[in-house]
Every structure is written in structure tokens, then in C-alpha cells.
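Right, I'll just put the structure down here and ask away after.
In order of appearance the chains are A, B, C and D, and numbering begins at 1 in each one.
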């Protein structure tokens, strides 16, 4: 008894010191990306001042907004220790569906387009969720399958059609570029999505449950969390956001065919991973994922502005993903070591 | 009754083999021009790269990991092959160098996965982008086309209706099959996939095993890159784009569990043949590419869903029987 | 060992030497399949629609197949399928002139005639090539339009299709040599960007060009996808009115931008005529009226008579330049 | 079966509950009552079915038959959420924390305090965690993540979690296994307070001092069956042990006397930061040496480092005088060492593989001809060893996961005995296996020692240690604190060393 009693006081002090160190390490993840972003922007701007012109910033933000909406959805799914590879195909399907809806009904208000995209996305997401939940099929397999299937459906539907800008109502196209108070609509929507998702994940029980599920599925079940229901919700949200992104895509680019969004899934997963969302669930944030999306977009723009051979772009993105997950791992190992040392009773 | 359910599960690959044979037989009867020697040649040539890359992929997925970078490795070796050819190197030295290059690219994956212990899905998504990007860096705008006739015609050539390249494929398939199912390495692969910890406690060096699997996967993808380049006599940075999904789909269709520990090589080969045959036959029936996509996706999901449903309904049945008895 | 220098990369020709009989009767029921670079591309849709119309006139059987991605390897699979289906003629717009070659030669040895259109396959593996215009003509035309729009001096950039695109690369080559001439000494080509014939990518590339080159005056996009995307970007950005967009585009796609002033002039041949001409050439080949040798003549319905040029090339004719005055007269 | 308690009915009653897993009847027709304001101990050997009862109460398992009666009403829990809602809080035997979430959040997961707009009240969460820790007298930063907590701290968080739920019924499955005496005292103080406020407490422990200190009533289980339920004042500890085990202890441990031979295994100065330090000992041929100590004292880590599946920071392991390469299980196996690990489901067996493959896995290299594993060599070997150990199974090609726990343990033993080891390390060799098998395993170990094998045994069961070992090494907090020869090894002397000075008072 005496042994433990004597040992107690120093233990307490070390714990108190550990807290502040830990706090900074935990925030470091997202701030690391932010730092990389700032460095990149500053460097590029010194090479070419036009990089920071109003038009350029607008273009980057517009480009980011679509990817960020998708990345937010992906982050939600990945946090629960799942993955959604079908987002690119859902985006394509929704973009075409909404495009043809608007073409055939030029009078429809934009909000209808947004709702239609969301609804279609929810349906696709629910299908994924149901297969994962009731079929007990791993998310990777399900969404790889629906990646093919949804894309196939949009090809079957669209055939060789392309919906061109001149067929779409002007109000819809304007929505793709117009601004409120100087901020483009697309950016407003992306920010709203990000804030809502971020607040729900951080401040609402259901959000915390998603983290818990990803952190330890068995423990989640024992804690009385409705794992099946929450999984379905996560996929439905990811689907809905992919659908929404489809509408934004159609409005922004004005030209839609069945191939819209092909290969997007890898960019989206990359944005989430680079943004510090752990592939095995349980940690990461939608802010991080959005930052990842912004970083990827800025890299694209910066490489163009710096007049770097565009072929390097993909290679650099790949290298960056490896760097990000590698650094993440090193931080995790450090933290684990620090914690272990602090708590060892030996 | 336990063992029956178990056997049903384990023989999913047997079911795929049966289905494949059925599809081939039905297609030969019902689809015009399917059952000809030349079509067989085309079919084999088309499935060659997928089958080749699927061999090591089977090992990797059985150990519970994944390699999504194979198609990009193929593209990068193809691009490097083109640029080396342009510098005037001899094809005899280019080919082995390309295979070694593939191995090195695989080793990088292996390093990240086994030494840094990063999730293989994330790592190989990263190298998927990296290697494809490097392929464009290497070859850029160019397509190198003037490979020696003797080599390109060997790759597209046949012995009777059997394509020449089927010979190395069959040899490799035999080697991979024997290693997986009848050697200590194969035993270790299954053990590592079903329970990494238990495998380590039984003396299996799981890290080393996985590392070398990635090396082999890269090297085979490199070989596939060489054959691809020679078949189309065209070295391009975008060669084999998107092939990784087809390979993973075929492996999963062949009964390999994405969670590791389960699967057979004959099943995987049947999966490859099934997918390729369906595509070939449906295309001859003028079914559009888009419909093929839907078929592939649905097939993939069903292939994993079905055994799940079977085992679960059997378990439910058993429970009911127990309650009534 | 076998190296580039001793491999004799260029290969012997498979050109058929059978004599042509210009008076042979035109065969009916010729089965011709179109294999464009990629399905679901509006430009190739217009092309093949011309082929469909021509085959209806000729009482042939029309068929359209193709991949969703513009890759050579998927085209090869389709060629193989067409061989199996025993088509009479294949009309192909090759994604890679060499990669499709072995398969095309297999098709030819199975008695199938090959008509390359739009984008040529290697000379020794097709019978004829329908060229939309002479490469020289297009390359020079592009430079002339750019020069007009730039007022004779300043920076211009090219937004092309894929880096491997045969046509575009040939035109760009000509454009570069043209620019080297003294009358264009003040025009400076600052960058060649590639939009991969993907709408979105082209859109972003246009965006990148304007950011990187503040003094840019003209974007020249020798591809219908590229010009539409560039025009759309410029028309919705603050660069509208400052930057001119020109190149090759379809009137329907470009009408809005001509009307709103973003685009002053651009050029194109009628894509439907390419497919139309390809069908007539294919049926003439199958009927034995031509074999693809230089100097042979055949009739091409509403387009009149054509003569085969060097290397089996058949040139459609000079492109039309569209501007706000004439654009409403065209609908394709 | 329990004595009628006049005047008041039980708060929660377990009535005739049975639960089987495949062929294993984990719990068969068990009934006992839990009264409000009373702490109720459930004791029994490993695998007696205690945790299974806990999981039935928690809504994790649905009983095959029998019912739960809560405050006079029969209830059925379809999920842990329902049990929780009914006011049952559970501390599971294995900690079930969310490693990525903060400690505070782990405590409130599933019942977050809210503020405006339904948002989580973070300040309240933190305050609650601090309040609970203060009550338990521990200092853990509520904001730190649960990842990296020591087993003891994890257990404390589990306790805080259960206390915070304000439950009517508090079920604790070996909550004290990893705790030091001080923390146990605090826990008991809190538990008593809850009990006096009218909660019903179910307490599981292998330490009888704790049972007598906290509880008023005890239920004894054996092999999944209910043996008795009595007020603690009516039974002595000896009587409890007799009922638990069901037969004479001595007959269970037929240790043959062997004259020890030369030193086979020699461990010198083995250390691993934060886990164990300066471990030195040796084992002779024919000798059985036991590691005793409290759960979490580092015994398993030591033997895993000796075998080379875990890394070590310092120290040397010699077999027959030859040094072993560190962190290489393969080198250890080549030198003739075998390890039967403590966790057979995770470490001992590859559950999805067949019995045959499991048995021959460590020897697949030796069994191959020209590198190939063809013919009947594997099967013959598997058949031979499973039969020698009297393993019950359908076919050798069945997945090992379908076997009962005891038979699984036999497969693990078969797997390692097949390689004819010179040094056999067994970690908790009889955990979770039935009484009959236990005796067989002991007989086997004894016989191997008699053949000249050096046996090193880790066990948390004192009777097993006392019955089998020639020498007992006691570990506490990562160090060897005592070496006790068979002649002087008693329950008291071993526990005294394991708990440290003054602990056994």
C-alpha cells in the first residue's frame, strides 16, 4: 500500500504536463495542412502575383466547393470505418438527371434542382447503406460494385447525349457562377454543408456516435449505439452530398454527359486522407477533409500557374497523399509512445 | 451441420467455376461467332493482363491487404519501356529491367505497408496516383510505337488458336497456384490473412511475407506492362488505366474474401474468365459497354452478398430447428 | 540485341494490289460499323450520323460501337468483336495510330475494308483515310484566325485535346512552323495545354492559362470540346471581352458564345460530311470500285466526286469559318 | 434455489437462464436474485459462465431459454441499449473503450448531457468526468484520449462509466482484476455508498477477500450450472472453493516428482520499457517453473518477449547455452522453444483455418518435401497429435473455430507438442477450459516434464500454480519480486509477494 501511495504524487504532475503537450499535438493535424497551404499559396504568389487576384481566388474556391462537398460526405463515412467509392458515379448520375430535368423544364427554380439532386443521392446512398448493413458486405466491395453500376445506369440513360450550356436555363447556369455579397453561391453552399456537418459531428450525439463506431465497433454495440442505423445514415448523407455535388457540377460546368465525375472517387478519398481523416475510422474532421480538398485544388492551380508541366501534377498529388498518411502515422506513434512512457508504472 | 455451412462457404469458388463453365457452354451455343477459334484467341488476349495481375493480387487480398496501384505500375513500366527504347537500348535488356522496375515500385508499397505499417488501401491509392503521374512525366505526349516486329508479333501470335502469351500465363498460374495451395508460403499467407497475430505466434514473419508479396505484385504488373506494350505495339502513359478495379472485381468474384484468409486460385481464374467471357459474349450480342458496367457491378456485389445470405439463412434454420426440438 | 536502330520499326505494307474496277456495280446490304474514338462525344455523334444517313441511301447496314473511354486498347477489343461479327467495312477514328494496327490488319485479312476517318491509323493498316481538311490548311487557318484576333501581335496559347491526339498534334506542328514565318513574328505561342477532350479538364486548363499568362490575347482550341469549354469559362469570367477564343468548334455548341461576343470567329468542316464520305468510300471499297490507290475516283452522293490522294487520303474540303454573320445558317 | 428472503422481492432476478455457443453450454438453467441495497457475488472457475450471465443481463446475448425479471416484470433485452435504458449498468471483463475519443466522452457515450438546440454540453461532460474521478480518488485527465491508457486506468474509466449511468443495477465483471489495493478500496467505498442508496450490485471476482469484504450474498457456479446461493455469513471460503471446484483439489494436480536436469532455458536481464524490467531466471530440464502474479503484472509480456513475438529492449535469452536472436519467433522455434499463448482465440489459433492446418502451421516447412506440401504428411501428423490429446471433432478439415473451448486448447497444445519442444512455455494453459480437460492438460504437462522438457507456466490460478510448479516466480509491476520453491509455496506466501508488503493485511 505504501508503495502506491508514495508513487501517486509525481504521477499527477506528469499528467498535468502531458495535457498541454497533447492538446497541441491533437490540433497539429489540421494545422499542418493549413500551414502547407499557406506556404504553397505564398510561394506561388511570389512567383506570379496574379495567383492572388480576385478572379483566381474565385476560381479556386469554385473548384474547391464541389470537391469539398464530396469530401465532407466521404469524411463522414470514413469516420465510421467504412468507405464510399461510388461518389463519382453518384455525382455523374445526379448531374445528368438534374441537367435533363432543367433542360426539359426551363421554368423550374434552382432550389428544385438542388432538392432533386439531394433526393437522388439519398436513394443511391441508402442502397449502399442497406447492402453494407443488411448484406454484411464490406463497404469497399459494395461501393466498388455500385461505382460500376451507377455509372452504367447513367450511360444507359444518357447514351450519347450531352446536355450543353445552351440547352440549360440561364437562371441555372447563373447559379453556377453568381454570387451573394461577392461570395459565389457554390462556395456558400459548400460552407453551409461543411459547417452543418462539422457542428453535427462535433456537437450532437449522433455525430459522436459515428466517431465511436469507427473507433471501436464492438464497444459501440456494447455502449448501446445503433450501429446499423448510423451506418445507413452515414451512407445516405454521403450519397446526398454526392447528389448535391452533381447539381453544383452541372451548374458550374454547364455541360454534362454520362461521364461526369469519372474517377472523382480517388480525389475525394485523397482529400479526406490528406485532411487527416484516419482510414480506419474514429478520427478526423470535416474541416480537415475540406482543407484537404482546398489543398488539392490549390496544388492543381499552383502547378498550372507556376507553369510546371501538368504531367507532374498527378505524381505530386500521389506523393502528397503518401506524405500525409506517413506524417499522420509518425504523429500517432509519437503520441502513443509519449502516453505509454507517462503512464508506465515500472 | 456446422461443417456443411462451412463447406458451402468454402466452395463458393467451386460454384464460380461451375457458373463459368455454364456461361461458356451457353455462349458457345447461343451467341453467334462466340465458339470460334479466333474468338477464343481474342478472348484470351483480352483477359491476359487481368489474369496476370490477379495472380499476385489473390495472394495480397488473402493476406487481408490490397494493391490498387497495379494498373499504374503497368502504365509506368510501359512508359519507361517506351522511353528506354527511344534511347536505343536493346529490347532484351529493356524487358528484364522493366520487370525489375515493377518489383521496385511494389517494394515501395511494401515498405509503406509493412515497415511504416500504413493501411494498404490508403498507400496504394497514393501510389496509384504517383505511378500514373510519373508515367506521364516519363513519356508525356509521346506514344512509342516502333517496337520490333519479332516481339510484337510473338505477343499477338498464336499456336493454332492458342495465343503464345497464354503459355507464360499458364506457367505462372500453375506456379502461383502450387505456391498458394501446397507450400509452407501458401499456408503462411492464409494464416496471416485469417489472423495476423496468431500467424506471428506460430512463427510466420508476416511483415516480410507481405513485403515480398508487394514486390512480386509489382514485378508481375511490370511484366503485364511489357506484354501490354508489345501487344498494342504502343508504349503510352495511359496504358491499363482503370485496370485495378477490374482485377479486384475478378478476384472478389472468384471467392476471395476482402477480409483475408479465404480464397482459391482456381476460383480467381474462373472469376477472370467469367468476367471476360460475359463481356465478350455480351459485346458480340451488341450489348453496350454501359450495360456491361452494370453487369460487372451487380455481379461483384452479388458474389459477396450471396454466400453471406446462404450462411445466415442456414444459421437461422439451425436455430429454429434447435428451438423446436 | 534488338534495338530501335536495327529492328526496322516501320513495317511492310499490307496494301491490297487487286485491280480496281470503277464500273463495278455498287453493292447493297454492305455491313459497315463505325468505331469512333469514344462514344457519347457530341462531335463523333454528328460524324456518325452522317454515316448513318449515307448507309441508308446506299441500302447498307449501319452499326455503331465503341468504348466510353478514348483508349486504344478498348478500341482493339471492339475491332476484334467486329471481326467476329463479320462486318464488311469498319470505319474507325483511331485513338492511337499504331495500337490498333495489328487488329486492323487481322480484320483486313478477314476481308474487311478499313476506312479511317477523322483520326488516321497507320498507313499500312487501313485502306483509305477520310481527312477533314489538309493538315496544312487547318494549321495555317488556325494561325491566321489567331493573328486576326490578336491584331497581329501578342501572346497566344493553344488548348488541345489529349497529348497523343494525332490530328491535333499534326495541326499544332504546322501552326508552329507557320508562326515561324516573318509575317507572324510578333505572335508568341506561350503554352500548349491539354484538356484531354474532357469538358471539365479543358475548363480548368483554360482557367490555368489565363492565370499564368496575364498578357494572353487569344486561346486557340483546335478541338470542339476544348473551344466550348474555353468559351464558357471566358464568358462567365472577368476576362470576357479581353481574351479572344477561337479554334475548331460546332456552330450549335458555339452559337451562344458568338452571340454574346466571347467568340468572334472559329472554323470547322461539317462533321456529318466526314461520316457520310466514309460510308461512300467504304461501300466503294467493298464493291471493288476503288482499292485505295492514288488517283482512283468514286462518287459520294450529295458531296459529288472525290479522288483518292497520296497515301490513300481523301480530303473532304476546306473548312468553313463561322462568325456572327453566318452562324445561323448552320445546324449541327 | 437461493433462500427465500421474506419481506421484499428481488430487484432483478435471473430465472432458469441457459445459453449455448454451438456445442458449448456456457450457462445452463441458472437462477439467482439480486436485491436492492445488497451486493451479490458470483464466483466460479474460469469458464464457469459468469461473464456469459453478465452479457445476458447486459443485452449482449439473448438467452436460449429462461427469463430475466426486473422489479417483478419479465423483461427481454434485444440490445445493450435496451438493458441500459432499463437501468442496468455493466462493467465488462474486457475494457470496451473508444481509443480515439477522450476519456470524458467515453464516460458519457450514449447519454451525452445536452444544452441549447440539443447540442452536447462539453463543460458538463468534463465536469461529470472530474466528479466521477474525484469520487474514485484517481487523477486522469478527462480530455486525454483513451488510447494508451494502462489496463488499470482503462478499468477505472470503465468503472466511472458505469457509475455515471446512475443505474439501479450495477454489474461488475472482475472490475478489480487490474487494480491496486488502494484503488480497490476507493471502488468499494463508492460501491457501498451506491448499495446503501438502494442499488443492486452484482460483483464477480476471483479474490475471496474482496468478495467477503463487499458482498452480502454469494452465488456459486460450476461448468455453467448454478451450485448454490447463500448469504455470505453462511459459507466459509473453503466451502466456496469446494463447491466451485466440485472435487478434491489434490486429485486434480497429479504432479510427478522429477529430478531436474541441466539448465535448458536461461533468461538474463530482460527488459522492455514500461512493461517489465530486469527479468532473470532459468528453467532446468524436467522442471516446471510457474510465473505467478496479479493480472497485468507483466507475465505474459515476459514470456512473449522470451519467445520472440514481442520486442525487447535489453537482455539475453539462451536455450541450451546458445543465444537466441531477439524478436524472432522463428529462431526460438528452431532452438526448440514452443509457446502456448494466453489468448487462444487471437494468438493461439487461426479460427478460420481447419484443425489440420492449425496443428501443422508451425511445422509446415519441416513437413514439406522439396518445398511442396503434398500427400498425407500433414494429415497424418494432425491425426496423430489430436488423437493423443483425445480431441473431439467432426473432421480434421473443420474450422477450428467450431470446436469447444477445451478442444481448441487441445489443438493449440497439439500444435506445439507436435514439434517436440525442449522448452515448453504455457501461458494460462487452462483458462476457459472445462474441469476434465484441465486435469488432462495438467497430466500432460507433468508427463512432458518427466520426459525432460523444461516447462515454464504462467497462471493466474493459484491452486494450479501450487499444484504443478517445482518453483514459483512471483511478478509484481513488471519485476520478479520473489522466488519460492515448491516446499514453501503456499497461497499466503505467493499472494503476499504478488501484492506487495502490507497488502495482505
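By definition in this document, a residue touches a chain if its C-beta (ideal position, glycine included) is under 8 Å from a C-beta of that chain, and two chains touch if they have at least 3 such contacts.
Just so it is clear, the structure is predicted and the values come from calculations on it, not from any experiment.
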Identity of the chain that, by mean CA position, is farthest from subunit B: D
Centroid distance [mean C-alpha coordinates] between subunit C and subunit A, Å: 39
Chain centre separation in whole Å, for subunit D relative to subunit C (CA means): 75
Intercentroid distance (Cα basis), subunit B paired with subunit A, Å: 30
Centre-of-Cα separation between subunit C and subunit B, whole angstrom: 36
Subunit A, residues touching no fewer than two other chains: 155, 258
Subunit D, residues touching no fewer than two other chains: none
Per-residue multi-chain contacts in subunit C, two or more chains: 39, 68, 194
Pairwise chain contacts under the document criterion: A-B, A-C, A-D, B-C, B-D
Of all residues in subunit B, those that touch subunit A in their complex: 66, 112, 116-119, 121-123, 125-134, 136-137, 140, 237, 245, 248-249, 252, 258-259, 288-301, 304-305, 308-309, 312
Contacting residues of subunit A [partner subunit C, same complex]: 48, 50-51, 53-56, 59, 63, 155, 158-162, 164-166, 173, 176-177, 249, 253-255, 257-260, 300-301, 304-305, 307, 310
Subunit A-touching residues of subunit D, taken from the complex the two chains share: 58, 60, 79-85, 90, 92, 96-101, 105, 109-110, 112, 114, 118-120, 139-141, 143-145, 147-150, 152-153, 180-182, 273-277, 298, 477-479, 500-503
Residue numbers on subunit A that touch subunit D, as the complex places them: 1-5, 11-12, 15-16, 18-19, 22-23, 26, 199, 203-205, 208-209, 211-212, 214-216, 218-226, 278, 282-283, 335-336, 339-341, 343-346
Contact set on subunit B toward subunit D in their complex: 2-3, 6, 178, 182-184, 186-188, 190-191, 194-195, 197-205, 261-262, 322
